[in-house]
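Alright, structures below, take your time with them.
Both complexes shown next keep chain A, but they swap its partner, so chain B is in the first and chain C is in the second.
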Partner chain A sequence: MAVAIAAARVWRLNRGLSQAALLLLRQPGARGLARSHPPRQQQQFSSLDDKPQFPGASAEFIDKLEFIQPNVISGIPIYRVMDRQGQIINPSEDPHLPKEKVLKLYKSMTLLNTMDRILYESQRQGRISFYMTNYGEEGTHVGSAAALDNTDLVFGQYREAAVGAAYAAKRANANRVVICYFGEGAASEGDAHAGFNFAATLECPIIFFCRNNGYAISTPTSEQYRGDGIAARGPGYGIMSIRVDGNDVFAVYNATKEARRRAVAENQPFLIEAMTYRIGHHSTSDDSSAYRSVDEVNYWDKQDHPISRLRHYLLSQGWWDEEQEKAWRKQSRRKVMEAFEQAERKPKPNPNLLFSDVYQEMPAQLRKQQESLARHLQTYGEHYPLDHFDK
Partner chain B sequence: MAAVSGLVRRPLREVSGLLKRRFHWTAPAALQVTVRDAINQGMDEELERDEKVFLLGEEVAQYDGAYKVSRGLWKKYGDKRIIDTPISEAGLRPICEFMTFNFSMQAIDQVINSAAKTYYMSGGLQPVPIVFRGPNGASAGVAAQHSQCFAAWYGHCPGLKVVSPWNSEDAKGLIKSAIRDNNPVVVLENELMYGVPFEFPPEAQSKDFLIPIGKAKIERQGTHITVVSHSRPVGHCLEAAAVLSKEGVECEVINMRTIRPMDMETIEASVMKTNHLVTVEGGWPQFGVGAEICARIMEGPAFNFLDAPAVRVTGADVPMPYAKILEDNSIPQVKDIIFAIKKTLNI
Partner chain C sequence: MNLFQSVTSALDNSLAKDPTAVIFGEDVAFGGVFRCTVGLRDKYGKDRVFNTPLCEQGIVGFGIGIAVTGATAIAEIQFADYIFPAFDQIVNEAAKYRYRSGDLFNCGSLTIRSPWGCVGHGALYHSQSPEAFFAHCPGIKVVIPRSPFQAKGLLLSCIEDKNPCIFFEPKILYRAAAEEVPIEPYNIPLSQAEVIQEGSDVTLVAWGTQVHVIREVASMAKEKLGVSCEVIDLRTIIPWDVDTICKSVIKTGRLLISHEAPLTGGFASEISSTVQEECFLNLEAPISRVCGYDTPFPHIFEPFYIPDKWKCYDALRKMINY
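And now, the complex of A and B:
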């Protein structure tokens, strides 16, 4: 500090201030500067010639006033492998997955679809309290999951927590990636910004997987953002980004596989924006006919569905046929019904568990309440449906 | 100068007599440690003891921390253990420093919904052994948005533990216990206390010195009234007690040390002895720490021992003013505590 002030006194005022300011900047330990972190190479502070020396950006000067126009007319292109008829477009992008793996992809997507139908109905019948279906987005879940290792961590939401977990995995040299799923609506939350920025600055092995399905409950994308979707935000944070056709299971698979490999090898985040369409309602608490046309929904259901497209591929490979389809539909329905009935028959957890896991060790006042409940049930237990609960 | 040379010239017998008059043991002069250094020591020892512990926050690394609480730690443990975070805010044990707890409001969703509730929501599968620490409450001239006390806000939430150290011993013992605790712990420090030196008893100098979370300390024994407080106001309570002692009123001053889980047993035992209660805190009155203590007293055995209603001394129910004279009068002063005690005792 003293050096800077002395320097200012020596030089002429206007020049002196800028010189003093530069000297201030040079002092080690000044806030935020002279770090020992290697990555962002600071330009060598040589002379005062016409190259920009700002610590905040590495760029050339320009002497023409020009605003950068956000490009939403022809945005980031959408990577796909299969066309709508399930034909591979560019053979060099064909992942050449073996038959069992592709059948597993297909069966996972269709089983999910079957489970969705049954559970949605069961909510309507009052047998479960709440449900969210996956109609139209099965390709994004299954395609990406198929590209991960069994030890990778999956976060269904909680963007910042995902970054924290990725950071821990990096420190432990765990050879794990963390994948965090979120919708284009969630990307508007402040947490998303913090998550992206921390992932980039802390160099975390994380895949941010955005399912852009056209609607955030009732908010269409035209009201959600004015930029080129979510993929365009990645470079703003210094994150490798790609946009894929979310209804193309192979495209989703390829992108996730490569992102996983590089995220772990290079310790950096990746952003995948999977374009898709939400065919169903947002949840059992939503009626989407209030804000979109039935025609629009039918179009996607009939013309561009991840399950249909993969089925076309399977049929063209000779790995599937109508009979197997019929048999599998019956089998998957039976599987879901059996599991559902088994779950319905299970007793509810013991009321004792109301008090556990608030802290690692149960504090005294919770134990007192637990004992009080136990005494109450001993005296008045017959008035409660205790047979529905675990002993 | 003259005093020193005088001391040197005195014969040895007299000097040792002088020493004997001040101390009762032959150990060297009692160690004085500031609250800041006590926290630093505590974190240093825990960083050394367990490599999974690490510190992150604004300016904590090379800048040695905005209040120098993390001084020297980056030099000793390096980038991997002491991490600067850009401003905004798995087996690891992070210590997350907030420049002040006012900034924790930005991250409060994470503190409550990701930290406090995760163990419960995961059915005991996902523990969150994290420590949130930083200065809390009023400072000096930092105005409305930087002076809020969060004891009541965090103390409200199941799943969190909340501690509030007063002196250096508290600071070191509680930060170490917080780091070793497998639950999320909020450590509410006080900026004005950082530079204050306190006597550091020999046991506090040990690397395994821990103060149990959930246990209050009786700083001063008394018989006429129980005065309960946390953080900096504890010092004011002791000052008030010293003044009142000259008038024949003996106050029992309790330093809560922990906000959640609150040590009601110590408070109740004291109230059952003294029959009178005054609570003192820096935070706002509504739904505050004092309100909780009063409610619990009523729910427990001590209620029947009260000879007068309990009285709360709190910060003024306004956003903290910037003008110094207003600020000084917006936080409990010694005279306010004395007034409340006398009112309760009807003297």
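And now, the complex of A and C:
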């Protein structure tokens, strides 16, 4: 490491830095001084004032010993537009979306719900191997997606990669935002920390959208974090943050829309924590009655459901009724069943494709392995489910 | 140019030719702790050559994201010893991106460069050669040069290759002997081993710094034992050039592989296993592996740990007399 410091010293001298700056560089561990000044750097370096000179923080001195109390009793407030009955609370926050758009929101959420029911059932019947439902969280997906442009990039996870994509989009002047979805459990992963920090320091046009649904499989939020949820972490990284009612599709829409506009215009990240509830099990491999009460689940299903709340809004606008509801339910079921049956009829791809796309080009050794499997199947093919695969 | 300068030259060529190319990592902005990126930020701008926070998983994950959009991402991990926090990103994300999306997406324009190997005083965390961990990962390429000329050509090939690549740079060679290196770009193909000296009695295989050790061993063998050695630089660890090695062993009947990394599970075991499958009847002696011991890379004991020319010579002598 002496090599690195020496190299830094030589480089700095060549750049003609002042003596005072060099004084700092001579201390061991001078890492962090070699980069260009961050935008928030305060006044010129001077040893005459009694003000703090530390490069690491822009703050005043205090002479009283006080620890900052993390505020978890009354945390960051939850932005909402509609009450639980679908009535607009503050008219100035009403996005005044046209009828077609609101119907599209409603139909997207309900179609998703229908698809979830059918596919969950089909797993129970052994027709698919695994499924995860969205029950209760439809507002978070649809409300946020509705606020994006068609060319925006969506990452369903992969938090740091999303930041990289945003950086590239910024460099390309692409006018795109990147949105990255994750749960409150995934927010504990190191890569969430890395993603937040990189997005902020590298000034990336990205929306971090956290769906806080109360559980990571069986782990409740009280065992996932001790701070004020995920939104409170944003300011720690220098990220604009907001907490919204994830079951209020207009609140989700408004927050995402504004975050998108500013992220692209100002090249900075935004963090949206959408509070919601996971009504269904984590997946078809989970039975959540093992760790939570049926009463709790029923409360959310009956009293605070994103689909119900939007339906109340539609009804009060006179844009929907029972007849249309019945007809749409039938239509969406049919749509899903047709697509499912069509997919089910297709044979699976040829086993040769097991070896494709490992690299852009197939390496010689891998081709040998591919040929070896082909020969093996010629002799032992009867022991393999070849009937379900393309010839 | 010496090796770090040949790396700078390759990076310079890349950023000049490819407007999407960016270089990032810890301390790359001022020129890097090994001077590999000196001058590039001034020449190409701070949006193209920039520091990241101290977080290897972030560096690689971020690089994957850039590459997914089609831009060229050249990430630096400050020492190969620090690559492990990024292991999940490399193995589970980068290596599988194309495969898992059925070629809808890929991060082929990602290259990770990292200083590698013993340096005399590096101890546990500035000396490691972790290529074996990555050899076990289909979907990436791992490349290690032995010289400045090789480094530039191989690095340019990695950057242009349409698969994520890891390029390990032998740090002990950064400032060692310089050689003629063209200023203009040129490529050296990946997955091709190079026979740097032909011979008839025994095949010696190594990569990176160790190539110079076995070349010296070849001279010693000629002088002291009258033995003619064929010296091969593997260059690409995966996907590796099985044909060149096997062709050589079929000719000589004897194989010695040497690397600094520990013996057990080191890449010599893969080469040894494949060669005995393909060339069993040609072998005159068991395949010999001269490697580091199965210990962490030691500090004061480094001179006893490394697979030096005496250990290689002794193993060669035993093989000849088998």
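To be clear about the criterion, the second predicted complex is superposed on the first by the 336 of 391 C-alpha atoms of A that agree within 3 Å, B and C clash if a C-alpha of one lies under 4 Å from a C-alpha of the other, contacts with A are read in each partner's own complex, and residues count from 1 in each chain.
Throughout what follows, a residue touches a chain if its C-beta (ideal position, glycine included) is under 8 Å from a C-beta of that chain, and two chains touch if they have at least 3 such contacts.
Treat the numbers as computed from the prediction; the structure is a model and nothing was measured.
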Between chain B (first) and chain C (second), which does A:Asp116 come into contact with in this model arrangement: first, second, both, or neither? neither
Looking at A:Asp245, would you say it contacts chain B, chain C, both, or neither? Reply first, second, both or neither. neither
Name the contact category of A:Val163: first (chain B only), second (chain C only), both, or neither. second
Is A:Tyr359 touching anything from chain B or chain C once the two structures are fitted on A? First, second, both or neither. both
If we overlay the two complexes on their shared chain A, which of chain B and chain C does A:Arg171 touch? Say first, second, both or neither. both
Between chain C and chain B, which one touches more residues of chain A when both complexes sit on the common chain A? C
Please work out whether A:Glu273 is in contact with chain B alone, chain C alone, both, or neither, and reply first, second, both or neither. neither
One more residue to check, A:Thr201. First (chain B), second (chain C), both or neither? both
Overlap of the chain B and chain C footprints on chain A, residue-wise? 31, 34-36, 158, 160-161, 164-165, 167-169, 171-172, 191, 193-194, 197-198, 201-202, 356-360, 363-365
Report the residues of chain A in contact with chain C in the complex, numbered from low to high. 1, 3-4, 7-8, 11, 31, 34-36, 153, 158-169, 171-172, 190-191, 193-195, 197-198, 201-202, 356-361, 363-366
Contact set on chain C toward chain A in their complex: 20, 22, 27, 29-31, 33-35, 38, 46-48, 50-53, 55, 57-58, 60-71, 73, 85, 89, 93, 98-99, 102-103, 106-108, 138-139, 141, 162-163, 191, 239-240, 242-243
Chain A contacts chain B in the complex at 29, 31, 34-37, 158, 160-161, 164-165, 167-169, 171-172, 191, 193-194, 197-198, 201-202, 356-360, 363-365
Within their complex, state which residues of chain B touch chain A. 59, 62-63, 79-80, 83-86, 88-92, 109-110, 114, 119-120, 122-124, 127, 158-159, 161, 181-183, 214, 261
